[in-house]
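Structures given as structure tokens follow.
Heads up, the next two complexes both have subunit A, just with different partners, subunit B and then subunit C.
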Partner chain A sequence: MTGIRAGGPIGRPLLLAAPASLWIALFTLAPFVLLVAVSFWVSGYYGTRPDFSLSNYARIFQNELYGLQLLKTLRIALVSTLLALVLAYPVAWFISRQALRMKTLLILVLFIPFWVNYVVRAFVWLPILGRSGAINSALLRLGVIDTPVDGLLYSEGAVIVGLVYVYTLFMTLPILLTLERIDENVLDAARDLGAAPLQVFFRVVLPLSWPGALAGCVMVFLLTLSAYVTPQLLGGPSGLMFGNLIASQFLGGNNWAFGAALSCVLVAVALAVLAAAGRWIKLHRVLGGAA
Partner chain B sequence: MTADRWVVVALRAYVALFLVALYAPLMVLVALSFNDSRIIGFPWEGFTARWYGLILDSPAFAEAIVNSALVGIVSAAIGTALATALGLGFRHEFRLKKVLFYAIVTPIVLPGIAGGVLLLLFFSLMGVTPSLLTTVLVAHVNWLLPFAFLVLYPRLSRLDSALEDAARDLGATDWQVFARVIWPAIWPGALATFLFALTLSFDEFIRTIFVLGGERTIPVHFWVLVVEELTPELPAMATAIVVITVCLSALAHAVLTRTGNRS
Partner chain C sequence: MSEATSARRAAVEARRVTKRFGEVLALDDVSLEIGEGDFFALLGPSGCGKTTLLRIMGGFENPSSGELMIGGRSVLGQPPYLRPTNMIFQHLALFPHMSVFENIAFGLKMRRETPGRIRAKVEEVLALVRLQGFESRSIDQLSGGQKQRVAMARALVNGPSVLLLDEPLGALDLQLRLQMHDELRRLHRDLGSTFIFVTHDQAEAITLANRIAVMNAGRVLQVGTPEEIYNAPQTRFVAQFIGQSNLIEGRVVEALPQRRLVVECAGVRLRCRSSADMKPGAPVTLSLRYERVGLANARGGADAVAIPSLIAERTFLGSAVRITARSASGLTLVADIADLEHAGPLSVGSPVELQVSERSITVLQD
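For the complex of A and B:
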């Protein structure tokens, strides 16, 4: 083929985008539509059959057990998120003010534990918080206690500790990214104008870095909101979350229609959080923190 | 010392403490993997390497490694190929580009457990029998595709289309331009994306557990042992998983930074 051809990048855009688009349409969008549809179906003794029934949602909103479970999940997610924010912010600030070599090294040190599979990262707390775990064993040896304490593991607190440990990087990273963009000259200017260190922090640094902090909070909140592994391992009966409730409809019981409705509620909550946060920050900022 | 100085010292101490808290649990895990006790925990009963011997002799663990490698390589290859084509397409302007962008990346922030549930429903209604290279493969590509796109696209968008114009002026077809000009320029980025996608596949658990056939991946195998048996070799197995995943991720990280990751 010769003759005059258009310039610019090669290929036809729609043709190039087609494979990935088809993949998403077939394996994400279609199954998602199905998920919503199944949430209106009915599961019975003989399996799950098509219907248009609001009974699954009625059960979720009328039986206060499920509402309480959702509230508890939101509470655990919120506490974990705020804890991660408070713990991670000073670290991000410290790293952002280092010279390049030290900064690169510290970021690597920060990353390495998060390369470990998250099932393992949740598991490590069993031999730490457990009856014969590291904390009980240390306290016994120091003579602080005479018999092992049981309440450390299998509690809401254990779940929060585990979640913060598993997901802090998603808080540290977006905060670090925004703090890095703050010009040292801006801070010098504030100091020259007579601001005390705390004033510089609260009046200059904090306002400039809040988009990163918000992005980190959204990311950690969404991750902890749909947690399954950590509460299943560390929560015991009192620390189970909404994700465990969903999973038990499929992996244990066989109430798929009800499980689909629970999943839709969880997705709706996640989308609501995103929409609320989207008023202040763009989605790609949050994703920038994840990538 | 001035008040300023104290703040700096306190901050330094805090960061050190934070890093200790990050690594200490993993250190406890490694220590326990050598503890000669049937209980996963303390007290310390003496040094042994027998738990590692048990793992090395376990055909199930070896199978899980092979399964993870297999589904990882295939899903990362598919994800990288899809992301490459999509990224090249995104160098053009076209209608619905923004909609497509959000359709691709939004699944990252949606609950992973819903991502597993919807595939379970979809495949069982389609009558697909769950297995490693069908249902699990799809779950893994679903998970890693948006990340592959986000990592690769910035590298593709930096390509100067003047190069393509020049090649075309010299009579090259689009395919020739891709093979002789584009691919030589982007393959390091594609390789880095592939390796990063591989680490994501190795890490995947929550979607996999819902579409599992007979074959277990490494995280699934570990999970089943934890919730069903709590066998004494688990810390050793966890340590082995730590070593495998950290090495793989270190490799991916090195290639990513070498090839100039700017995202």
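For the complex of A and C:
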């Protein structure tokens, strides 16, 4: 406070902040405001027209189908996030322990699948999980099963597998980054003070990399919560998510207003979950990057 | 192993320790004995292997060959968490996610002490480093000096028989360093355990340690008390690394009984005493501290040699005046003259009679 008063602001702060503010307004706020606005409009046979109607929201809250769909979507997102965390952490830990050359190589390997189109990466699970896919034929050949198992594909499980695979990089990278920032001497200090390897991990490494893990969880959770392509390809009727519901309003139903209302509900739920989580995980520390 | 010798038992003993990192020879056949209760300094320039030696003692590195004993027992292959040593790290390496209390309590928790005992011990050690009331502070709320104290407390609370200090004061400004020196001396006196610390600062080593090992290029060059190291450096490196010395090349012209020598250096005959036998005609290098060169007519002994010279350079140092003077025969000596009351102006170009006594000269062994 006193520092600002003593020196006075340099130049014109408002003008200097203008580009950033404009960027935020144009790309973040404007679309969202528009979305919220449209969710109160009314769609009819002749298109969507401005209005202030609560009918879209009324429809969502009156039909329990939407609530159930939302719950399922939350469940899928949560399970996918936790699975990604459990799978990505050891990988990130392993990579962070390597010498620089090996590390660079492994990070590159980590990225390679992500040069492949998202749809293809989701699609690749069809020939793996399908009725005559890799898993079924392997199990048949091994004699574990007599007839192909059907539930592998077009199920909630298939969607989760696909989502974890598609988004795991968003978990691995932030964890890797926080692991990288841990001072090697701090680990030595823990060992010096009597901590056996496992104790070093649980008392020092894990807490220090927690912000990265949480950042990864937030990202993967948000990405999976609004997933659309993966459940479309792998989910079948039982694996559909809220994103598919929204998409169908825009693409098939031509009901933009209702689609917008569904989107707003999803955004609200995402915010609520983040806020609830933020209460005990101190989200500002995660996003602020403080280790 | 009688009772009498056990008082000066070795706390740490390195026998022929060699450490290679790939092609690099970090430690080259180092043997060292550090007595119980010593405040021992490993002194040398960066890259001399002193930190590697310390890390071997702490269990963070294994020697490529050789033996390491702590408390009379071999500790090779023993991981850090099983050793009776604790280390204060160069950059302190405090746990950033823990409070002051949790940092200090870490070692005790690992040893599964009861919460009551942990609390009592942490209180005690916080009093020792004068940080009472800081228990719940987080690490980034502390100043440099306070972090230093937490690092000390965190190591000391475990009651290590050997405390290893890896240049822990390097990051502090001079004032704070001096303060921490007092602190370290006090802790060492109060605790009576063995302190081994690594430093590249010769002044720090001399003022803190009761024994010093000077290292260079992976070898231990000389071990001794600060007085021995300072007054009788045995090698060129030690003479130059610790304090400031004239290094004078000369030739033995006369070998007297009791290893007394007369050495001719640039036409001036100096008397000195060697620690090894020397024959006439042998080339020698003499080391002569700047401040041990005096002015003649001060109380010179019978063995003192007076050297008439001309002052070529003069620098005021505050506590002394440093002059560079050349004799008629070409012997150049640098002298720090502290006794300015009797020294005269010592201006450049004026004559001066320097005086060098036998005891102030050391005959180097390399």
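As a convention for this text, the second predicted complex is superposed on the first by the 235 of 291 C-alpha atoms of A that agree within 3 Å, B and C clash if a C-alpha of one lies under 4 Å from a C-alpha of the other, contacts with A are read in each partner's own complex, and residues count from 1 in each chain.
By our rule, a residue touches a chain if its C-beta (ideal position, glycine included) is under 8 Å from a C-beta of that chain, and two chains touch if they have at least 3 such contacts.
Just so you know, these numbers come straight off a predicted model, no measurement behind them.
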item: Which of subunit B and subunit C A:199 touches, first, second, both or neither; value: second
item: Contacts of A:52 with subunit B and subunit C, given as first, second, both or neither; value: neither
item: Touched subunit A residues, subunit B compared with subunit C; value: B
item: Which of subunit B and subunit C A:188 touches, first, second, both or neither; value: second
item: Partner chain in contact with A:207 - subunit B first, subunit C second, else both or neither; value: second
item: On subunit A, the residue positions that both subunit B and subunit C contact, one per complex; value: 291
item: In the complex, subunit A residues that touch subunit C; value: 183, 185-186, 188-196, 199, 203-204, 207-208, 291
item: Of subunit C, residues touching subunit A in the complex; value: 58-60, 79-81, 85-87, 89-91, 93-97, 106-107, 110-111, 154-155, 158
item: Interface residues, subunit B side, partner subunit A - complex; value: 3-4, 7, 11-12, 14-15, 18-19, 22-23, 25-26, 28-29, 32, 39-43, 81-83, 85-86, 88-94, 97, 100, 102-114, 117-122, 125, 138, 141-142, 145-147, 149-151, 159, 161, 164-165, 168, 171, 173-174, 177-178, 182, 199, 202-203, 205-206, 209-210, 218-219, 222-223, 226-227, 234-235, 238, 241-242, 245-246, 248-250, 253, 263
item: Subunit A residues within the subunit B interface of the complex; value: 1-2, 5, 7-21, 23-24, 27-32, 34-35, 38, 87, 90-91, 93-95, 108-113, 115-121, 123-128, 130-134, 136-137, 165, 168, 197, 218-219, 222, 225-226, 228-229, 232-233, 243, 246-247, 250-251, 256, 259-260, 263, 266-267, 270-271, 274, 283-284, 286-288, 290-291
